[in-house]
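Following are the structures in question.
You will see subunit A twice below: alongside subunit B first, and alongside subunit C after that.
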Partner chain A sequence: MSQAEAARRTSPLWTLGLFRSELLTTFRRWRTLALLGVLAAVPVLVGVAVEIETGDGPAAGGGGGAGPAFISQITNNGLFLVFTALAATLPFFLPMAVGVVAGDALAGEANAGTLRYLLVAPAGRTRLLLTKFATVIAFCLAATLVVAVSALAVGALLFPLGDLTTISGTRISFAEGLARALLIALVVAASLIGVAALGLFVSTLTDSGIAAMATTVGLLITVQILGQIPQLDALHPYFFSHYWLSFADLMREPVYWEDLTRNLGLQALYAAVFGSAAWARFTGKDITA
Partner chain B sequence: MAPYASDDRATAGEGDESRSARRRAARYVVPVTVMGVAAATIGLVPAIADSGDPDLPEITAAQLIEKIAKSDVEQLSGTVKITTDLGLPDLGGLESSLASGAVERGEGGSSADPSAKLTELASGTHTLRVAVDGPDRQKVSLLEDAAEYSLIHDGKDVWGYDSRSNEVYHGTVDESGKEREQQPPATPKDFAEEALKSVDDTTSVTVDGTAQVAGRDAYRLVVKPKQSGSTVGAISIAVDHETGTPLKFTLTPSSGGAAVVDVGFTEVSFDRPAASTFEFTPPKGAEVTEDGELDEGGEHSEKPEGAPKSEEDLAKGLDGLKMLGEGWNTVAAFDTGGEGGLPAGGAGGDLGGFLGSLGDQVKGDFGTGTVFSTRLVNALITEDGKVYVGTVTKDALVKAADEGK
Partner chain C sequence: MGEASATERDGADTVRGAEAGDGAVIATRALTKRYRGGQPAVDGLDLTVPAGSVFGFLGPNGSGKTTTIRMLMGLIEPTSGTAHVLGRPVPRSARAVLPHVGALIEGPALYGFLSGRDNLLRYDAADPTADPRTRRARVAAALDRVGLTAAAGKKAKAYSLGMKQRLGLAAALLQPRRLLVLDEPTNGLDPQGMREIRGLVRELASDGTTVFLSSHLLDEIEQVCTHAAVMARGRLIVQGPVADLAAGARGRLVVTTPDTGDAARVLKEQGVADVVVTEDRVTGEVPGRDLAEVNAALVAAGVRVRGFGAERASLEDAFVALTGEGFDVAG
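And now, the complex of A and B:
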């Protein structure tokens, strides 16, 4: 009642302030920084491994097509390290990091006993939830960009850069390649929205941050395993991870949009379903801590 | 709480902080509704989009076939979905002969070799992209997970590029040659031309209404064998009403069930594709395999003389070929002589028992043998090394073998 009325009277600037303070709290945590550090290390590992493997001279194709996508092209163009690093981190590292942050978003506050103080502020629960969701999505973007930028830096240091060949065999300039890399990073970040919404919903269910994180990451692993079972073919299109690797379609010429749009639609659906479920749970919940 | 869970008023104001359990439960109406709307949308949109069959002027089958023959589409690009379900995981040579009988050349080692790659098309569902600009420039790309295999024909160069392994295959062809034939069948047009070659008095050809394919209005041409004994039930070809281009090709087996081969455009444009589509320079560091023998390979893949039936493609590239029977019930017969034209033929001794367990033992005037069945093609391998292959039922195959004896 009074809380919500107060919220309505507050200016948008106030919400922005809440968002800013949430961002600061999240990104100042050692845990968050450690997660980002691990993510930044993955491209370094991949880059150094490829460099050592092919150190004797320019690689001649090779690899036979094993390993993450685009890995055979890294030695010829460092920009491909961005795509390889994203392909390597997307199945597990990135969503795990997002799961940890999303699971902790509300349950962590409840666990630490700070949630009710947040609610004392005239923001309202819906607004707080939206802010938390926005923060988690901001983390998705930050995490993806950390991987991409780190990969670009390592790629530029260890390998030559220049015009690149799309997977369709046509050539594009380095500038266009960079633009596509940025677009791919955005698509990858958007691919994580489903996990983010799921994690936020789980976070409203419990007062234990650890339990919420474990549940979210556990769900992630479960879905990844189920996604490998061919007998469950009929269910696969509904898994949030099903179209994840479609970001590589942006490297086709012309771009193949079908799976990309399906991926974005699926993520939006997860955001709507679990976002509203989180709202239903959070706004009707007794806050005791 | 449950009886009133669907009460809309409860969801009205978020400011309503009533702690009653009923209201709390009512909030869950929102996510459930979202899910319901999503499910309904996913279920209904294709039904609405399928706006029924278009109205087109009447046309006879003969006129339609002429339309296909006259079709002079030189520029085309689009996405093709190809689904094949032959009903048997691996019959080695038989299936790969779909990729232009290029089995022998598949041992080259480079993953960018066209014959090695396009064999994959013989099973499962694949998405292809095709672009054609006149007889000298074509491109077919097989879309894979985060990778693509492209076969580009530009003037006298033929490039195969496998982006997963970054390997390149290069060959040359005579500019005046029949380049088109060197490409494995990829578009509905290729398949339709094969099917229409078999139109004779053993075949019934009818126009069966209209359909919409890739957003274009099309006539549906149905080709059916008149004889019984063929495994081919019907071939349906959707022909674009404006250009006469076949847009979709479906082959259903006489035994019923899903189509054995279904090739159709999901997206098509008759504009000239961008010139850059056909330009290819091997990327830095790519392993290039040269193949000067593509000319030979091309001739090799051309249809054998006196083999007008599409089903006989499957026997293409094998020596000592003999045709038994006529029309759709033609059976190809050849003697492996122990050389092993087919893996199963050469396996004789040790593997014989194992292979035998995959097929059915049959006896007849020809002796004894084993029948290997797929949903479309049946093969009879006799104990003395003779092989009979055809798109006919098992009984018809045994009968042909008896007569051919």
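And now, the complex of A and C:
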């Protein structure tokens, strides 16, 4: 009798199992795959456009300040398509995809009613939230890598590869260029943590997945617009997008670290502030959906 | 094991305590829930569910059944009052209690893009006490138990209402449970499915699982439940063994006649208590003596009898009498 009465043991690897289940569930959603598909298509479009224009022309902005500097070099070296594609997707496509996944993380489960069954399983509110956050960050990484890998493949297919010139004018080997590209992808993924935390917080506020996704993406657009208004200069350093394009500094020789570290610090601050807010909200919330 | 070690273990993650003492698997004291601003949805509930019972939780729409279940499962915080499940307070000890509880709350909820089997794998992965090594076998057993083995590979969004309900039940049966909380478990099931569920409930109960089920279907409760409670407008009206509840609304003797005055007088003479006259019907408690003699007495007194007989009270009569006959949902 005492055997039956005793509480069941918690499997030590359980949290990992929940994380694995969460990853599988997220990446098997049709929506997630569609977002990744769109992201994979961006480098293809940019690559083909550059190939058609064959080099010259003003390259029509290329998306963000760091864009044009890279885009003019693509025809010399396909690796630059990776930097161009990341610069083109970072201001909107990437954070939008993250905002959708993060906004849906809890609100979508509440909407479908599956949240209550996860909680009576009992997944535990804090652990479920942490698992969700880890999964959204995994998505940030996956999304960035999809852009980078797609860009590398298209770049290798359409353009020559080889040694490259940094922004500072020095030459580095292709292998080192690849390593820097990977590092840049990691930094870009980390740049999305602020949006991820914000989206997760919004996701705890409502029981409608659509509303949470729309709110997060709306906030993203608002911040991007406010970031363009010079009168708000004093506020700009606190916008999660302020240092986003600092990843280009990794292509300097020597690497210029100041803005890069500021960016990572800012993302950590967002994760802490909105992560805590999400925790406070989610652990104290009545689950009525 | 000695008393001391039992007390020691209580401090750890054991689930016993009050249950061992007074035999209650669910015990609430003055449990109250007021959703933001509004009327209390549950008002001062004192519910006691004995261990090993099949407990029917009855009440009209909006009477607070689901709200009570959500509080018991730690999903919502009571406004005031306390609740104990398996002898431990909820929501505080929900993490220790819930692995022993299987629940179906306000219908099943599934991931439409996952197959039935993958849905169960996901829910099982959310249980910290579930052994990943036995997961597939337990999922297969649960699917088999609710008759879904053949449809296990189908996407859940392609399931019919009854199939979804069955999958929800399967999720509640992934592990051996000590308490099953089923909020309207036969909703959407065909008659065959309802019978299977009743069979399943009886089978689980005979294994010692306490089953707490809410329902509108009174004959269902009458068929499977040993105990029942009736809610109305957030308040508990009555609770106890089903036999006592039905007995509380005893059958009545009914005489249909145009001569109601004479009939009432004769019935009183024959020892019928609580005689009530309504239009052309005279009713009263069923007397201890042979009804044939009562009828003969009526006829002998010249009362023109159109109908005569004892109407057996069902749980439904008890329910309607207790909750009021109005169809409208209380605001």
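Rule of thumb we're sticking to: the second predicted complex is superposed on the first by the 263 of 289 C-alpha atoms of A that agree within 3 Å, B and C clash if a C-alpha of one lies under 4 Å from a C-alpha of the other, contacts with A are read in each partner's own complex, and residues count from 1 in each chain.
The rule is simple: contacts are C-beta pairs under 8 Å (C-beta built on N, C-alpha and C of every residue); 3 or more make two chains touch, one makes a residue touch a chain.
Note that the structure is a prediction, hence the values are computed from the model and not measured.
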Inquiry  = Under the stated touch criterion, which partner chain does A:V273 make contact with: subunit B (first), subunit C (second), both, or neither?
reply    = first
Request  = Check the residue A:T25 against both partner chains and state whether it touches subunit B (first), subunit C (second), both, or neither.
outcome  = second
Inquiry  = Tell me which partner touches more residues of subunit A in the superposed arrangement, subunit B or subunit C.
reply    = B
Task = Based on the superposed arrangement, let me know which partner A:N77 touches: subunit B (first), subunit C (second), both, or neither?
result = first
Inquiry  = Going by the contact rule set out at the top, does A:G17 touch subunit B (first), subunit C (second), both, or neither?
reply    = second
Inquiry  = Under the stated touch criterion, which partner chain does A:A211 make contact with: subunit B (first), subunit C (second), both, or neither?
reply    = neither
Request  = Quick one: classify A:Y117 as touching subunit B (first), subunit C (second), both or neither.
outcome  = second
Ask   = Taking the contacts subunit A makes with subunit B in one complex and with subunit C in the other, which residues are shared?
value = 4-5, 8, 124, 284, 286
Remark   = Interface with subunit C, subunit A side, in the complex: residues 2, 4-11, 13-14, 17-18, 20-21, 24-25, 28-30, 112-114, 116-124, 128, 284, 286-288
Inquiry  = Taking the touch rule as given, give the residues of subunit B at its contact with subunit A in the complex, in rising order.
reply    = 14-17, 19, 23-24, 27-28, 30-31, 34-35, 38, 79, 111, 127, 129, 141, 143, 145-148, 150, 152, 159, 161-168, 276-277, 279-281, 283-287
Task = Flag every residue of subunit A that touches subunit B in the complex, lowest number first.
result = 1, 3-5, 8, 58-65, 69-70, 72-73, 75-77, 87, 124-126, 160, 162, 164-171, 245, 248, 252-253, 256, 269, 272-274, 276-277, 279-281, 283-284, 286
Key: Contact set on subunit C toward subunit A in their complex   = 1, 9, 12-16, 35, 70, 73-77, 94-96, 98-101, 103, 105-114, 121-132, 171, 175, 178
